[in-house]
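The following blocks contain the structures, represented as structure tokens.
The following pair of complexes shares a single chain, chain A, combined with chain B in the former and chain C in the latter.
== the complex of A and B ==
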């Protein structure tokens, strides 16, 4: 029966973020937070694993103090307990810092068989945290997983590659990063929501994780985040003959290498 | 964080919204056009433990409060009022059993209703009795260990699908008006009654509405709910929760009218600019938003009083009256904003327009609610 830890990120809901078309500045003032969509699949993958094979599912998140607002939402989706680190360092954390903090937290939580992450987060999508965690924890790394099973004390993972599926087995401990297509995340049932607040929620202080100051310094420095605006070409074909319009449209699409 | 609500209430609202957008929105047009009973959606709601939301968990209910129930119904109604109404009518059947039932009746019927193993219905209205329950002529006569029921109920929501009916009948033939009425828990498999005419309705077409015909229908006497003669009290007590539920659904429909109107007014261009740039449209949208907000607050106020166990009959009437009339008025405006597109089948506001009218009629007409409200003020 695997002891599973799932990591998730509390991100701004991209639907609430607007872009100023002139300056390309992002307006975040109306943005509410949510569990990163891909992490909902990661939590679901963990929940299904322990539902099918027994064991225990614990959730873990590193973010600013705002991450506290995510705890009941997370617990309504299957985990038995949640650990969270709410610290200002998270505002500038890159995959290096995030992995350092999560690895230290996992060591503090105790032993594990499987750590599940999403392949990337909904905001930065660096795809690094899973493999970095594996390295820091001395665990096997499995990426691009679209199926996870537990058999004879080993993780059996299906990895979706370019043109094939690789099925592999690995001993615990292992860190698996999963693709969103691995499942459809459940909508929490009513009693799960009401029971969430009764499950254990533990705050870990970054000062208690015994991390060198250097490990909290991001390697990447983000200068600016700008919105991407889709510039329409506004070409209208006005020939009376429909076939001619279609053929002109095709020519344009070919020129743009769309078809 | 919206401080009016608890985190749990907001999470339940989010869960209902996700379910409604994912599962109801794509089904709603067909449910309406083909008058399909939303059986599939109801089963999914049962899996989400939302078929007995405000009832104790020890009887298989959700254990949530009335505010959560209102938030959930609003989300469902935004996408498919027929499903929301099917759920609230089903849910209402368990309320009188929990409030007035003997322990044995509660354990026998309520968990089955809450889990949707049985579908519930509430049968009060007759040809000569609707707003005035005192006009009930359906009779229940004790004969040995059974009551023998004779009469016809009309406009019964879930009538053809229900397994358990909360039936109101006259047990004292000498009585007139509101006295001498009693409530019964009638099980379809035990006391076979007939399903009569299916109503072909203007709106909420997926919610099935039928006659129920009782011809010498024998109901075991242990299925009498409460004491003989308590029928009216039982009905009126139950209707308060039902009215809050309808108010919440009216808020959902009104919000949907507003959402559709905003989207359309921004997309549709006339005279080289979006409809939304016209002040005439802006004012309609502002009026809609104002009333939706007021209706929602009135509904949540009534729900809060209900949760606190305080008298809330008048407040429930105020909420139901205001929300249903606001929803009707704004469905008219939403169709107006959509112009010709709002008048053709397949446009969401066309469906909302037809769905909403009944909200001013069932669970007490607007006129009855004005009587209740004024009656509580002018004594």
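== the complex of A and C ==
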């Protein structure tokens, strides 16, 4: 029966982020947080594994102190316990720092058979933390999985590449990163939401993780983050007469030689 | 004397990274390409590599070369390592970075040499914003495939080719490889694309969309939301987690334009949007648009194009 740890990230909802049209600065002040969309599928993948094959599912997250707000939501999705690290270093953490912190936390939590991550996070989408964790933990790496099974004490994964699916089999310990298509994440029922509050939530302090200061320093310096610009012509026809709009549009497209 | 390295298990992807490596090179910089197959090594030589170094994974898994590749990066200290942005390439890059205690930029859209440093741009927040990062050595970068065109070959070039075998650790075994049957069109190569969004109410309505697409010789695709209706082959939608396209003409109907979708179409030459909601974000990303009912607009377009 596999002992499974799923990692997730509490991210700003990009739908709430606005871009100043003149300065291209991002306004994050109105953004609410959410469990990263892809991580909902990762948590679901862990929940389904233990529902089918037994074992135990634990969740783990590293973020700022705000990550505390995510714990009940996470626990209502299947994990029986959650560990969290709320630390200011997370504001500037890149995939290097995040993987260092998560790997140290996993060592502290104890042994595991499978660590599950999403393919990437909804905010940074670096697609690095899963395979980095495998390297740091000395575990097998399985990336881009769209199916996970546990058979005879081994993980069997379908890994989706550009033109083929590889069926992989590996001994534990293994770190698997999963694609969002692996499942449809459940919407927690009221009963699960209520039960979530009674499950254990454990805070880990970064100072207890025995990490060198250098491991908490991001490697690449973020120079700036600016709203993506679409330099387009923005010629929009909005007369009430649809036929007129269509003929104007076709005139333009003919001039562009695309029809 | 400095070196820039390229790694890809796919030779054609490695060749596409050569112009990118050249942009970062100084006069005395040599460019080495690491492959995991002997196939097409010549193409790389002809396309501008100074040396081709082939690592042959004896278990057949390119990923098994990670410890050896990471050790070579540590020992020889190249200025930058560019990894081809395939699934396997992304895994290899991330595991190498972890073994080297190094940073890594994923899916860089632009790479520049700036005041002795390497600077990259990449999308964050689902394509809403672009992050510019200044890299510390060794600069490890996964290069997004949309950036790339293959260089012109020159078959008079000479370069050295070395080859070594690399044994895997035997942890992972590949039981089976199943080819993915592509039922839909190859959107990444399409010259014209018609895209349907949630504004298209029923599957039957696709008939008029296909009719229009046929008239302008376009492929038909959809947004991630519509992909969930299963009207199209699975996973054939356009967006940051799906296909990134660069057609001459992209024409959308009933697409609102979430950032994740827009970042998949931003390399299109001409973007045209038709939607009933004047405030739909797709219009900010469009060259031309019609605010109106697609059920009125499509038949009008069809009859005008038939004349």
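Just so we're on the same page, the second predicted complex is superposed on the first by the 229 of 259 C-alpha atoms of A that agree within 3 Å, B and C clash if a C-alpha of one lies under 4 Å from a C-alpha of the other, contacts with A are read in each partner's own complex, and residues count from 1 in each chain.
By definition in this document, contacts are C-beta pairs under 8 Å (C-beta built on N, C-alpha and C of every residue); 3 or more make two chains touch, one makes a residue touch a chain.
Remember, predicted model here, so these are calculated numbers, not experimental data.
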Report for A:131: first if it touches chain B alone, second if chain C alone, otherwise both or neither. second
After lining up the shared chain so the two structures overlap, which partner does A:196 touch, if you call chain B first and chain C second: first, second, both or neither? first
Scan A:188 for contacts with chain B and chain C and give back first, second, both or neither. first
In the overlay, work out which of chain B or chain C sits against more residues of chain A. C
Have a look at where A:253 lands relative to chain B and chain C in the superposition and call it first, second, both or neither. second
Tell me which partner A:76 touches in the superposition: chain B (first), chain C (second), both or neither. first
Check the residue A:14 against both partner chains and state whether it touches chain B (first), chain C (second), both, or neither. second
By the touch definition at the top of the document, which applies to A:151: first (chain B), second (chain C), both, or neither? neither
List the residues on chain A that touch chain B in their complex, please. 69, 72-73, 76, 187-191, 193-194, 196-197
In their complex, what parts of chain B are in touch with chain A? 1, 7-8, 11-12, 14-15, 18-19, 22, 47-50, 53, 57, 62-64
Using the touch definition up top, name the residues of chain C that touch chain A in the complex. 63, 66, 86-88, 90-91, 93-95, 97-99, 101-107, 119, 123-136, 171-180, 182, 192, 216, 234-235, 240-241, 248-249, 258-259, 262-263, 266, 269-272, 278, 283-293, 296-297, 300-301, 304-305
Chain C partner, complex, touching residues on chain A are 12, 14-15, 17, 19, 26, 94-96, 99, 120, 122-128, 130-136, 140-144, 156, 159-171, 180-181, 218-228, 230, 232-238, 242-243, 245-247, 249-250, 252-253, 256, 258-259
